[in-house]
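In the two complexes below, subunit A is the common chain; its partner is subunit B in one and subunit C in the other.
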Partner chain A sequence: MSTPAAPTPRVRRPTAQTLGAGAAVLAALAVGHVVVTAFPVDERVQASFLRPTVVGEPVELRYARLTAGEPSGSTVLDADDGSLLSTPGVWLTVPVTIEAVGQPRTFGFAELLGGDGRTYTVSTGGRSGFLPGTAQPGVPRYATLRVEVPPEALAGAHLRIGLEQKDQRRDDVADIDLGLTQADADAWAADDSPVVAGAWSDEPPEQP
Partner chain B sequence: MGGAAEHEPGAPTLGRVSGPAAPPDLRARARASGSLVARRALDQPLRRIGIGGAIVLLAVTAAFGGLREQAEDGPEKLAVDVPVAVAPFELTVHRVVWTTDLPGQYLSDDGNRWVGVVATVRNTSDAGVLGVTLQDALTLADVEGLVQEPRALVPGVRATSIALLEDGSSLSPVQPGLSYEAAFLFEQDGSVAPPTSATVLLQQHTWRSGSLDPTETWWDPTTTLRAALDVREARSDADEEAES
Partner chain C sequence: MSTQTAPPTAAEPSETGWWRRNRWALAALPVVLALALVAAGDRVRTLWWEQDLRVPTSAEAGTTLDFHQRVQTGTGGTLPIDVEVHLDHVGDATTLPDDLELPAGTRAVQVDLTLGADPDVVLTGCSLAVRDAAGTRYDYVSNAWGALQPVVPCVPEDTPGPWPSLGDLDDVLTDPDDPPRPATWSVSPVVVVPEGVDVADVVLWWQKPQYALLEVPSQPS
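On to the complex of A and B.
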């Protein structure tokens, strides 16, 4: 009894249709690459929605209404916890009023864009800090931001405040023109009377 | 039973196999396909495929600079009181001291002591940098009994805290354009004798986006300077005045 010969494996050759589909996919990828390279839109798509304002003018954000008060400065900061902090530059303090919209909001992002083109970090716990805690809707929250900078950074400085500490893409960010001048910088750099930056409060700060 | 089986004379051994590496049915399919390239490739013995692969791998790494001469021989020697650039900082190491008492700083055990590296810190980038990056920039080695354990990604032991000499506050964030006088503080077990020498390591960072997170930040602390420095007991200003 003879065993039947094993069938020869059939090899599928690519048809013109398959080759055409492959070429179309490659062409689409190439066109996509050219478009992305020629028109880089990623940064614009992901950019924050900057809401400009000035000192004393409330700005409406998606998540809160925010008002920056009159800035102060000195070479010594009273942290209102028994400690006085010195700086090789100048301490800048900005009182901020937060009125949360819709639900409790915890602000985690702030930075100062100096007039010298540099960015000054404001953390939620550190020498330069802004820690307003959680603001409840209907209860204005008062907090003071503090940041140390070289005097040359003050004139023309803008303060930016937002919700998320790590990611402000595609979200509202307040952009506050502090209205500072070189005269402010010179005066504060020569002043060693402490400016106070206390903890957050639901009570409005006392007016001097 | 047992005993090592011996090869008969002329029997094939694994070391002598020099036939094609591919299984017969795969080779048959390659022949049937009519592809000369596939047939030739599958007819090659394993050893030849291995050697060819190694040559290709070497060529690829060479194309990306793998055979280029090493430009750096390792960390340079750190000199005291000389400013050095270790991105994103400029650091000037002044001295290494030890003390048991520092106002505003708290040891985990009252019997322990601080080993402090006194340095001038300047952020040379165009944006503020958090203290965690500064902690990676200056580390300590060759000191017995440090309480802090070394971490995997940073050579040496990181400081427990970095305190400003002026007011004792913790140095973070480090703002650009300002020079800070600070002490990198390392807690040492009090049952160990105070060190007479310590190796200070300075690490440089690279600005890049992370592998998983597109946000750019300072990564890859790499030691570029190091030196074994003398360690002495810290003296207060009053002590130094009395001695002079």
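On to the complex of A and C.
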């Protein structure tokens, strides 16, 4: 038997339902974390749409039709402005034809994925460069990309070209297999006859 | 023997209680979802909507178009664009700009415009293009193919009128003796287009996404 005790502060115990709900929330968070980390969702959502092609084959991009010509290389580059640039590596040049679609387009992005696993930037200043200017629709634009790389980067190298220099997410990017071999790299690393990479033009380059 | 517990009346309110207890949160849920979508979509405007010509102000072929817009300046303010535009004629350029060498497979199209605006309206940031029936846009380029045309295609080259303010530099950069821009004037920029392209309209813009759309009267064939 007991007399009513003095009123004590009542401690509210969590019910089984509350505990179950808490556990369910934690489980949902854990499952979500596993899903996001096990599958690279972010990377896939943001990834560029790579459009593979090879030398000489036009590739249709959202904003242009692009064709890479036969690459060439040497240890000396003739920039067609009176200067010759030499390198202890190799100057790789790739003629590119751009046919803009829909409206004038200014290509700002290019990089070389070397066969050595490294990425060589082309369009962020320095001696390498790709400046095709603004191409008008229906008027093919001819430009030559130049990039300075070590010879071991050449075999198996891919060239990537896109519109925005700073942001290629969720947009088309051409992925060009240059078809280069170790034999090309060895020959170019021993060659000192200049390769020419002049300014862009709307006239087709003269065939050698 | 267990003691008698209270009759199970406590279970009754919980049957309808969850919806009732959470009614304010439930009412707010659609609003919160809508706000979340809007907040997540803020870059749709800056990265997509404002990157192209999307909001036309158009006029019937042969009539004069009144175009009004407030454009953002680089210094955080806005400037009014108030201009009247009339498309006089579009056709093959009779005289090419000096030193223009047309690339193979192209032709030069001359766009004759008559414009009117108060002399103190800043109009120097304008761009001009022609489009074909499919909407493909061919821009006016002042420095291309060997020729140098006026940098701004829609104002008189000698009397372009005021430039956007650069603060204290204005006194240095502007000459008070410069003649003002006339109340109305004509310009004839030349645009290079591929052969076989028929110009369906002329577009003029100061800041995307708004633009002035001038339809070309259908040519008698």
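Keep in mind that, in the parts below, the second predicted complex is superposed on the first by the 165 of 208 C-alpha atoms of A that agree within 3 Å, B and C clash if a C-alpha of one lies under 4 Å from a C-alpha of the other, contacts with A are read in each partner's own complex, and residues count from 1 in each chain.
In this text, a contact is a pair of C-beta atoms (placed from the backbone, for glycine too) under 8 Å apart; a residue touches a chain by one contact, two chains touch by 3 or more.
Computed from a prediction, not measured in an experiment: that's the story for all the values here.
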Which superposed partner A:124 touches (first subunit B, second subunit C, both, neither): neither
Which of subunit B and subunit C A:106 touches, first, second, both or neither: neither
Partner chain(s) touched by A:89 [first = subunit B, second = subunit C, both, neither]: first
Per-residue contact with subunit A, leading partner among subunit C and subunit B: B
Partner chain(s) touched by A:116 [first = subunit B, second = subunit C, both, neither]: first
Subunit B versus subunit C as contact partner of A:48, first or second or both or neither: neither
Touching partner for A:150 - first (subunit B), second (subunit C), both, neither: first
Common ground on subunit A, meaning residues reached by subunit C in one complex and by subunit B in the other: none
Complex interface listing, subunit B residues touching subunit A: 28-29, 32-34, 126-131, 164, 166-167, 169-173, 175-180, 215
Interfacial residue positions of subunit A with respect to subunit C in the complex: 101-104, 134, 136-139, 202-204
Subunit B-touching residues of subunit A, taken from the complex the two chains share: 8-9, 11, 83-89, 111, 116-123, 126-128, 147-150, 152-153, 166-167
Of subunit C, residues touching subunit A in the complex: 52, 103-106, 129, 135-139, 141, 145, 192-194, 197
